[in-house]
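Chain naming follows the written order as A, B, C, D, E and F, and within any one chain the residues start at number 1.
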Amino acid sequence: MNAKTALAAGCFFFGILIATHAGAQEAASEVQESAFVFNTLFMLIMGMVVMFMGAGFCMLQAGLVRSKNAATICLKTISLYSVAGMMVWLVGYNLIYGVEAGGLLGAFKIWSASDVDMAGASHSAHSDWFFQMVLVATTASIVSGALAERIKLWPFLVFTAILTGLIYPIQASWVWGGGYLNAEWGFSDFAGSTLVHATGGWAAIAGAIVLGPRIGKYDKGRVCPMPGSNLPLATLGAFILWLGWFGFNGGSQLASGSFQDAGAISKIFVNTNVAASAGVLTTLVLTQLIYKKADLTIVLTGAIGGLVSITAEPLAPAIWQAVIIGAFGGVLVTVAVPILDKFKIDDVVGAIPAHLICGIWGTMIVPWSKVEASIIGQLVGVVMIGGFVFVLSFLVWVALKFTVGIRASAGNELLGLDKAALGLEAYPEFAPG
Amino acid sequence: MRFIIAVIRPHKLDDVRNALTPLGVDGMTVTEVKGFGRQRGHKQVYRGAEYNVDFTPKLKIEIAVTEELVVAAVTAIRDAAHTGHIGDGKVFVIDLVDAMRVRTGEIGPTAL
Amino acid sequence: MNAKTALAAGCFFFGILIATHAGAQEAASEVQESAFVFNTLFMLIMGMVVMFMGAGFCMLQAGLVRSKNAATICLKTISLYSVAGMMVWLVGYNLIYGVEAGGLLGAFKIWSASDVDMAGASHSAHSDWFFQMVLVATTASIVSGALAERIKLWPFLVFTAILTGLIYPIQASWVWGGGYLNAEWGFSDFAGSTLVHATGGWAAIAGAIVLGPRIGKYDKGRVCPMPGSNLPLATLGAFILWLGWFGFNGGSQLASGSFQDAGAISKIFVNTNVAASAGVLTTLVLTQLIYKKADLTIVLTGAIGGLVSITAEPLAPAIWQAVIIGAFGGVLVTVAVPILDKFKIDDVVGAIPAHLICGIWGTMIVPWSKVEASIIGQLVGVVMIGGFVFVLSFLVWVALKFTVGIRASAGNELLGLDKAALGLEAYPEFAPG
Amino acid sequence: MNAKTALAAGCFFFGILIATHAGAQEAASEVQESAFVFNTLFMLIMGMVVMFMGAGFCMLQAGLVRSKNAATICLKTISLYSVAGMMVWLVGYNLIYGVEAGGLLGAFKIWSASDVDMAGASHSAHSDWFFQMVLVATTASIVSGALAERIKLWPFLVFTAILTGLIYPIQASWVWGGGYLNAEWGFSDFAGSTLVHATGGWAAIAGAIVLGPRIGKYDKGRVCPMPGSNLPLATLGAFILWLGWFGFNGGSQLASGSFQDAGAISKIFVNTNVAASAGVLTTLVLTQLIYKKADLTIVLTGAIGGLVSITAEPLAPAIWQAVIIGAFGGVLVTVAVPILDKFKIDDVVGAIPAHLICGIWGTMIVPWSKVEASIIGQLVGVVMIGGFVFVLSFLVWVALKFTVGIRASAGNELLGLDKAALGLEAYPEFAPG
Amino acid sequence: MRFIIAVIRPHKLDDVRNALTPLGVDGMTVTEVKGFGRQRGHKQVYRGAEYNVDFTPKLKIEIAVTEELVVAAVTAIRDAAHTGHIGDGKVFVIDLVDAMRVRTGEIGPTAL
Amino acid sequence: MRFIIAVIRPHKLDDVRNALTPLGVDGMTVTEVKGFGRQRGHKQVYRGAEYNVDFTPKLKIEIAVTEELVVAAVTAIRDAAHTGHIGDGKVFVIDLVDAMRVRTGEIGPTAL
């Protein structure tokens, strides 16, 4: 090879290099753009589905309360979703994600999107905010169901603001924000069995204790059922929640634009679905065996229990493991519903069995399918978050109780909150007893 | 004139009405009621708590008739509403002092 | 360099050129295909969500009418959606998009897809048709709610055909079709505060005036409320509408396959959500202050009012601006509901406050956040479209009134339209008063 | 050109070759990854929408039964969805897709995902499983509506298990699994007018015959209607089903990541929508003409009838053909509802007219728009699948009848299945007659 | 004392109540009932099958009054409930043996 | 025999029933009614318009008893239904001419 040819060859290789490099850059940016779009749209669509869970909770709860309190629970559900939206913007989001690695408390700062230049991001900041916000709203919805039929509207909304603005975000920062539990204990909670559901459940049980049971629920040691007024609506609610859970668990993958992500989401969908089915079938069989009657309302709670159980880890388990995890959630629900009654904790819609107890179960069973998780790490997370949420919620409830009061007057409770607080009736034409 | 109050099983309404029409009874007023009687209500389970619903849904039929018709009417109701099981219902007869048809203002037996 | 080497080098550069060019073409076509798929799927999914708003309107309205008219409003809602689907195909679509730039009237032509070769398009023509169609159906749904409980079925459907086939498409062509208002005035209405919502509201108010109030609604100067029969259903409807609005506003970006588009859609989602939340919370607080009772039905209207308010420009505002825009929508709704009653305009479900008044507000406030829009341009659009829709609708209503008649007989109205026109009852077993 | 230059040129071309090859490979893998993601997410999202049809069937049926059986139908609907989820996993899926080309029977094997390496696949195996599963659940939902108000819960669930685990998968394998009907007859059923809907309809009619009509439905030769207790809920159900159908028909494209696929899905959406609209408007006009009253419940069945009619081929027809196909579905529904009553086949919710009769119609009309399909091939498919499903279902129903019994006792039927089997009431506070 | 039972059209309730109040009748008990009478029910169609709903919704009003008030009350009801069409309703008068106000335990006419 | 008609507050039903059972009253018929009395209804607001709902929901209990039981029954009802506030309700006693148990056809006091 002479110099000239060498030059030509050099040119050649240099040219190729440029071409390849330019191509690679372009390709990389295209790939990145495509992934950005996939991830962003995915989180928006899944977030939209989770948002619809608000309607699910609303229908479930409106169906399970007595008709004299149905309009009030509807008002609470749409209001709490609105409060959550405001609080996550004003404080919550930056409390969750403004925490430093291994830290315990994030930043107090109104959120605004940082992604003026989106080219470096995996997905749009707004889409992330939206998805996180709808998760927070879920937590607040859980509380409203348990305390229905006797709590006053405004104190409830004050608690909701504190829950969605402070309590939830702080504990969520420990895990999803990369804080203490994530950094020190490798606590693993994929879509929030503990962070979302048990948190809602702890806040609910604290409220139920401070608030006390509905008048007449526990009479002379007997449990006096107060049957839900509209079971088809409650069933619709359970179906909507089930649907929403695909968004909840699937969306928590937080990315969709690659083989791995799309495959993972698919597996999450399947596991989520079989866990819910297993929860349904277990409660169906158990209530038939125990009570000789298949109890629709427990079966609905069973579906939710199965869903909560798989939420901590919907990706790692094999299908048969997901079935077992969901089925045991159904067992827990069936057992826990009457046990709560034993302790005179009046949980109108079964929020505590489904979200708290199954939330703990789902979190503790993670190591079974996910090797990176440890039982001890999970336990620390469950206890630490549980303790934090329960104690703080309890204090807030007590504070509210002894200042503005949280409980409707006995007269108003007997009359029904709809007439008392709203001045209207949910079903004014269908005279209830 | 007499005012007959009959409490019957809901699904017997058509039978009772069909039994009364031939007698010349062409008006009656029906109310949905809850009956408490020897018939026990039914057990219901709700979220793991059993409880007894004490009442059974019944229909109350009110019929104003002339004196001559009372026995025939009560007999017709009995035959039509009878199943032989607890919960068949009761018939009460009350004295009717006066009656008026609102449309015409007619008073007394012709108003029935 | 000698000739040969030069030749080689020439070949080389030429080769690179070809390679780059071919690569670029291929890459371009891949990018274009990917964007096409993104955009098309996005519009289909968002369109699907907007389609579901039909169910939302149906539930909202079925919940807010008296039970004796609930089945009729259900029949109307599913029928008007069907009529809209036919009319947009038969005339509407080509009236909207067949207009010439700056023009006033599009083409009268049955629509069929032009994209035999999709390679040049940004998204599938069918997906565009679908999305436009569901927007039109929304407009028609607004009318049905305001006129409920007294309008005859068939004249209503005739009006619906005219509204969805002519009135809506003609005014929409002025803006979205690139016609007069767009070309001459730069009128800006991103997702249709005026084009969809105020248009529905103008048609509704014209109808309400021609039709008159329900018997007994305004008795001796007093307003006699006729409470909605099923508030949980109405709440479900509001939730579904809220959900649908993500499709409505988000989908109006009309594209999703780039950083910019995906980012924009995300921001739209967030702004849409906070505006609705603000509408809810404002009405909640205001009704509590004014009436000493939080009025669920006004809160539901408040959610919709907030949503309509942000619809004209869900992208440009900062979050805090969206909050204010939505909140003021809530104020307008709270104030407008009783004012309409003062004028004895009987709007059964609050369609006029939410869609017309908030639609105007949302359109007029656009320049606050979007510099390209001018107050005068917005005003011209609001007035011109309002005038056109109101006058034409009024004439059609009057024409229908004096030919076939639009109002059910007093006897039928008292009996209830369900029994009178449908020969059935919405809730036959639950004896209403 | 001398040797050296030739060498250089050779190098050059070789280099280009490599570069192009490598670029092509990379590009190919990116394209493939992008398509994989598109296809997978598409099937998950569409599957999610189809899953929601469970809620649609539940509401439709809960609204169309008498209130004393409403809770039971809710329990059945959520339970059958759960049973289907289990059975498709345990047997169904591998029966469908484990069949050999042209074969009649697939493999009996629990399903697990094969795509450890997703790089070669068009979409994730889990997403495919999910989509197939929700289709199967649809079939089972059809049956539950027809047999409502008199069938016992547990035998119904046993039948559901057999239907979703064996009957449906075996016949589906003949077509979608590439089995006999596909290989030998080119039987064409895009989204399942026959495979899903007629199959559900055949199982339902077999059950209705074996089970007999509700007590009092046919009294001395007269038809005694038993009006549905909650028509707004039924309308909600129809809307949800309509929504779900976009997922059903659109999702059956099974791919979305290309011009062709995205364009096809768009056309499917449009055709699906106009067919449903045509079904609605036809039934609306016909019931008004025949009965002088527009019958909401038949209109709802008409929407579903239009949808089922277009399901066998939602892609090939021009819009006007889709309109005609759907409209004739509406005619069939209007005519078939009273004819079934003539034969004393008591189909509570109109499942047989909508799903079976329109399913056959939709399948037989495929050759009109799709040249590859033949009338004879379609006929063979309809008859063979119909015969197989009907006979097998009939035998299973008879077997169940003479072993455990399928019919609730007359006392329980009169009392209502809710009180009898569930020990609760759907609407305990709204005293029904 | 007399016990008046009036069956009227539902939308006449306010008129009837307003006609009675001036007479000094300040208590009444209202029940939703189904009336069967000369007035035919209405035809309904459900999924292609026509059928007759035999009953018409009515309200039953029960009013305990002193003897002096009976005629005035019945006349007032007639005037207020009258439309002149079939289905206007009926008024029945029954003898009332005794009455008691639960709150005070008062008995007899003062209890009304 | 007497026919007792008692209008009470809805949540007092169980108390009243429990007070009557020991007396040997083992049948009664209960109807949901709207009461208009001195007790004002409640204010409701609907979409910004206040209005008064004049009626209060009450339960009407009908009990046929033998003459001897009347005083005891009425007293028992009063004690059980009493709260001391306006709206406690009323008890009316009517003469019962005859009674029949549908199941057996028994007539007179044994039918109760």
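Methods note: contacts are C-beta pairs under 8 Å (C-beta built on N, C-alpha and C of every residue); 3 or more make two chains touch, one makes a residue touch a chain.
Computed from a prediction, not measured in an experiment: that's the story for all the values here.
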Chain labels contacting subunit A and also subunit B: D, F
Chain copies touching (subunit A, subunit D) - same or different residues, decided at half shared: different
CA centroid of subunit A to CA centroid of subunit C, Å: 31
Separation of mean Cα positions, subunit E and subunit C [Å, integer]: 49
Shared interface positions of subunit E, touching two or more other chains: 31-32, 34, 44-46, 94-95
Residues of subunit D touching at least two other chains: 5, 8, 12, 16, 19, 23, 27, 30, 34, 45, 227-228, 230, 236, 291, 293, 295, 297, 423-425, 427, 430-431, 433
Chain pairs that touch, as defined at the top of this document: A-B, A-C, A-D, A-F, B-D, B-E, B-F, C-D, C-E, C-F, D-E, E-F
Interfacial residue positions of subunit C with respect to subunit F in the complex: 223-228, 287, 290-291, 293, 295, 297-298, 334, 337-338, 341, 350
In the complex with subunit C, residue positions of subunit E that touch it: 10-11, 32, 34, 42-46, 57
Touching residues on subunit B, where the partner in the complex is subunit A: 44-51
Subunit C-touching residues of subunit D, taken from the complex the two chains share: 1-2, 5, 8-9, 12-13, 16, 19-20, 23, 27, 30-31, 34, 38, 42, 45, 49, 66-67, 227-232, 235-236, 238-240, 242-243, 246-247, 250, 256-263, 265-267, 269-270, 273-274, 276-278, 280-281, 284, 288, 291, 293-297, 299-300, 303, 318-319, 323, 427, 430-433
Complex interface listing, subunit D residues touching subunit A: 4-5, 7-8, 11-12, 15-16, 19, 22-23, 26-27, 30, 33-34, 36-37, 40-41, 44-45, 47-48, 51-52, 54-55, 58-59, 62-63, 70-72, 74-75, 77-79, 81-83, 85-86, 89, 111-113, 115, 118-119, 123-127, 129-130, 133, 153-154, 230, 233, 236, 421-431
